[in-house]
Amino acid sequence: MSANHSLPCVLLTGFDAFGGEYINPSSKSVRTLHGARMQGHRLIARQLPTSFARAPVVLRDALRELQPRVVICVGQAGGRAQISLERVAINVCDARIVDNDGAQPHDMPVIARGPAAYFSRLPLDACLAALHGADIPGEISNSAGTFVCNQVMYVLLHELRRQPEACAGFVHIPFIPAQVLERRSAPSMALEQIAAALRLIVAATLDPSAAPHGTHASGREH
Amino acid sequence: MSANHSLPCVLLTGFDAFGGEYINPSSKSVRTLHGARMQGHRLIARQLPTSFARAPVVLRDALRELQPRVVICVGQAGGRAQISLERVAINVCDARIVDNDGAQPHDMPVIARGPAAYFSRLPLDACLAALHGADIPGEISNSAGTFVCNQVMYVLLHELRRQPEACAGFVHIPFIPAQVLERRSAPSMALEQIAAALRLIVAATLDPSAAPHGTHASGREH
Amino acid sequence: MSANHSLPCVLLTGFDAFGGEYINPSSKSVRTLHGARMQGHRLIARQLPTSFARAPVVLRDALRELQPRVVICVGQAGGRAQISLERVAINVCDARIVDNDGAQPHDMPVIARGPAAYFSRLPLDACLAALHGADIPGEISNSAGTFVCNQVMYVLLHELRRQPEACAGFVHIPFIPAQVLERRSAPSMALEQIAAALRLIVAATLDPSAAPHGTHASGREH
Amino acid sequence: MSANHSLPCVLLTGFDAFGGEYINPSSKSVRTLHGARMQGHRLIARQLPTSFARAPVVLRDALRELQPRVVICVGQAGGRAQISLERVAINVCDARIVDNDGAQPHDMPVIARGPAAYFSRLPLDACLAALHGADIPGEISNSAGTFVCNQVMYVLLHELRRQPEACAGFVHIPFIPAQVLERRSAPSMALEQIAAALRLIVAATLDPSAAPHGTHASGREH
C-alpha cells in the first residue's frame, strides 16, 4: 500500500470521442493531469463513455472506488470559444444526436423523481478569477445542455448530495485547433491552455480560502 | 358583472423597455392579444417592470387578482433569432447589466431556500409543433438567463407550485426589426410573426389534447 | 406590340434551389414583383440556375433580350440575418459546395483577364436609407462570397461596363422562416419583408434624386 | 555595414492599439519575429499607426527604405476565431469607428482612380496548407473590411503593382486571450500560436516551390 494512495483524491473525468469526431479534448486534457499532486491531493483522470446508459455506471464506480474529495467532470462543447464553468445541471435528457450506443432520448429525466436541478458545488467565482488572472478566457455558463454532459453533471451532484464536504462540478471546453481545420470560422483553444485552465480550476477548488459552495443555493435544499 | 369576467383567464405579461432600448417587443406583442377570446378564455395582457424588486410584486398581484388558468410571461432576448420556449427557470439572480432601478444582483437566489429550478409547465413539444406548423422558427431553450426574465419565470412557477392544474411558463422573443437597424448582422423577427407565435402557443396550451405537463418531471417533485 | 413592352425594364433575377434546399427565397421574392410597374418601368423577374456554367448564359440572354435600365440580381445568403446590399464582386470562383451541375471550381477567374473587381452600381446609401426608413434590417456587405452569386454579380457588371447609364447590382437575402425550422438558432426573414425590401431597393434605384453611382469609384475607372 | 544588411528583407507590419483596446496583437506578434532570419532573408517588423492619414505614409517610407522582397501586413480582426488570409483589398474607406486621429471616412476611395481591387500576392493555398499542417486554424477571407487594414493592404499592393517579383499581402488575426476576458463568448488565439502562424506564412511565401501568385488573377491585369 503506497503512501500515495493514502492521499485524498481529485477525480477528473473526460469523455471518449462522439458525434463524428476522432478525438475528444476533454480526455486529452484531463490525462495531462493524471498522477499529479496538488495541495496534498493526488489527481486521477478517468474516461467516461459518451453513452447515456454507460456513463453513469462508470462514474458511480469511480466515485465508489476513489472516494474523491473533489470531482471535476469535463466535456467538449464544440462551438464555444471559452472555458465554461457550468452553473447547473437539469433533470432532462434530450439528445439532438445519437450517443455512442445509438441512443437518443427525448425529454426523459436523468433520475426519475429527482429534483429539477442541482447547482455546481465548485467555487465558480474563484475558479473564474483564477482563469482570468492567468489570461485564460472563461465564463460561467447557465446551461450544460441536455446531452450526456448534463446527465453526468446531474448524476455526479445527485450521488454526492449527502456529502456536503465534497466539491463537484462540470467544465465545458472548446474544440482544440486540430478539430476546426475544416470548420470555417469555428473557435478553438490550444490544448495547453485548456490543461492550464483545468489545473487552475483544481487549485482554486482545493484552496481552503475558496470555501466549497458553488452557487449560493447549493448544499441546502436539494 | 359582465359575462366576460366569468370566463377563465389567460394572463400574458411583457416587460417595459430596458438596457438602453426605447421599446420592448414583449409588451408590444402581448398587447396585441389583450381582450381576445380563445377556446372559452379571455386573454389579459399586463406589463411588468424590468426590475428585480418590483416585477415579482406586480406579477403576484396579477395572479391574485386574475386567478389565471394559464400564464405565459414573455421577454425580449436580444440577439436570439427564434422564438425560445424556455424549459427551466433557475434559482439565481446574476445581472450583467443594471435593471431599471439600477440594481445588479450577483449570484443571489430568487427565493431563499427555494428549489434549484422549476420546469416550465407549458406543453413545450405541442407549442413547438404549433409554431413549426405555421412556419414560425422556434426552439426549446435550456436557459432563460439569470436576469429579470428568469426571475419572473421562477417566481411564477413557485407561486403556482401548489396549483397543479395551472399551466405556466416563459417565452423569449427576438428583437423586432426596428431595434436592429443600427446593429449590424443582428437577427430580428417581425412583430406580426411574434404575435402569431404567441397566439399559437396560447392555443396549444389551451388545447385539451395537449395535456398540461411541460417537461416530464414537472408537477411531481417540485 | 403592347404599350407595356415599350416601357423601360427593370430586370430582377433569383436563383433556383441549391445546397440541399427545396426552395430558394430569391426566386420566390422576385416573382412577387414580376409584372409590376414602378415609376414608368415594368418589372420583369427571371430565374437563374445555380450553375457556374449556365447562370452567365441565362443572364446574358436576358440582358440582350430585355435591355434593362436597372438590373438587381438576388441570391440567398443562408445564415445572414439582414438584407445585404453587396458592394463589390470579385473575379474569383471558389466553391465550398458543388453547384447544381456538380461543378466546384477552386480559385478560378470569373472572366479571364477581367479586372479584380467591380463595384455595385446601385445607390447603396439610398437603398439602405429606404430599407431603414421602412424598419427593414439591411446593411452594406463587403463580400458576395465566391460562389455563383458573386459570379453572377461580376458577370452582370462586366457586361454593363460600357453602359454607364445602367444601374446594376446584387442583393443577398436571408433564409425565409420555413427554411430554418430544423436549423437551431438560425436567423430568417419573412418573405413579405424581403419582397418589400426589394420593392424599396428598386424604387430607390429608380428615383432620379438618387443618382446612379453605387460606390464612389464606380462609373469611372472600370 | 554588416553582412546582415545585405540580405534581402521580409517586412512585417502590425498596428498600434485602437478602438478602446490597450494592446494590438498584430504589433505584439510581428515583434516576436523581428530580427529573425529565414531562408536567407532577414525579418524586419514595423508598427503602423491605425490612422487613414498616417498609415500609408509610414508604409511607403518603409517600402522605400527596406526594398523588401516580401511584405506581410498584419491586423487585428476582433471577433474572428481563425487566422484570416485576406484574398482581396478593395478601393474603399468606410469606417464604422473613428481611427486614432478621429477620422471616420464614409465611402471614399483609397486611391482616387485606382482599380476597384487588388488581389493578395501571397501564395494563399500554400500558406493555408502550412497552417493546417501545423494544426493552426486558418482560412481564406474574402473581405479585409473597409477600415485602415483594408486601406493598408490596398496601398501596399498598389505600390508594388509594377514589381511583379514582390510578394505581398495581408493577414488578419484574432484577439489574444487577454483581450476577451470581459467579452463573453468571444473567440481568441494564443499569441504563441499567432506568432507561429506568421512564421509559417513567411516560410510558405519564401519557399521557391510555392511560386508567388496569390489568386490566379493577380500580377496580370491590375
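Should a chain be cited, it is by its letter among A, B, C and D, assigned in written order, with residues numbered from 1 in that chain.
Please note the rule applied: a residue touches a chain if its C-beta (ideal position, glycine included) is under 8 Å from a C-beta of that chain, and two chains touch if they have at least 3 such contacts.
Just so you know, these numbers come straight off a predicted model, no measurement behind them.
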*Starting from the Cα centroid of chain D, hunt down the chain whose centroid lies farthest away.*
B
*Using the average of all C-alpha atoms in each chain as its centre, how far is it in Å between chain B and chain D?*
49
*asked:* I'd like the Å distance between the centres of chain A and chain D, where a centre is the mean of that chain's Cα atoms.
replied: 40
*Roughly how many whole angstrom separate the Cα centroids of chain C and chain D?*
31
*For chain A, which residues are shared contacts with two or more other chains?*
184
_Chain contact graph, described as a line, ring, star, complete graph or other shape_ = ring
*Spell out all pairs of chains that touch, sorted by label.*
A-B, A-D, B-C, C-D
*Please give the residue numbers of chain A that touch chain D in the complex, ascending.*
80-82, 132, 135-137, 139, 177-178, 180-181, 184-188, 190, 193
*So in the complex, which bits of chain C are touching chain D?*
87-88, 90-92, 94, 107-109, 113-119, 124-125, 140, 142-143, 145-146, 215-218, 220-222
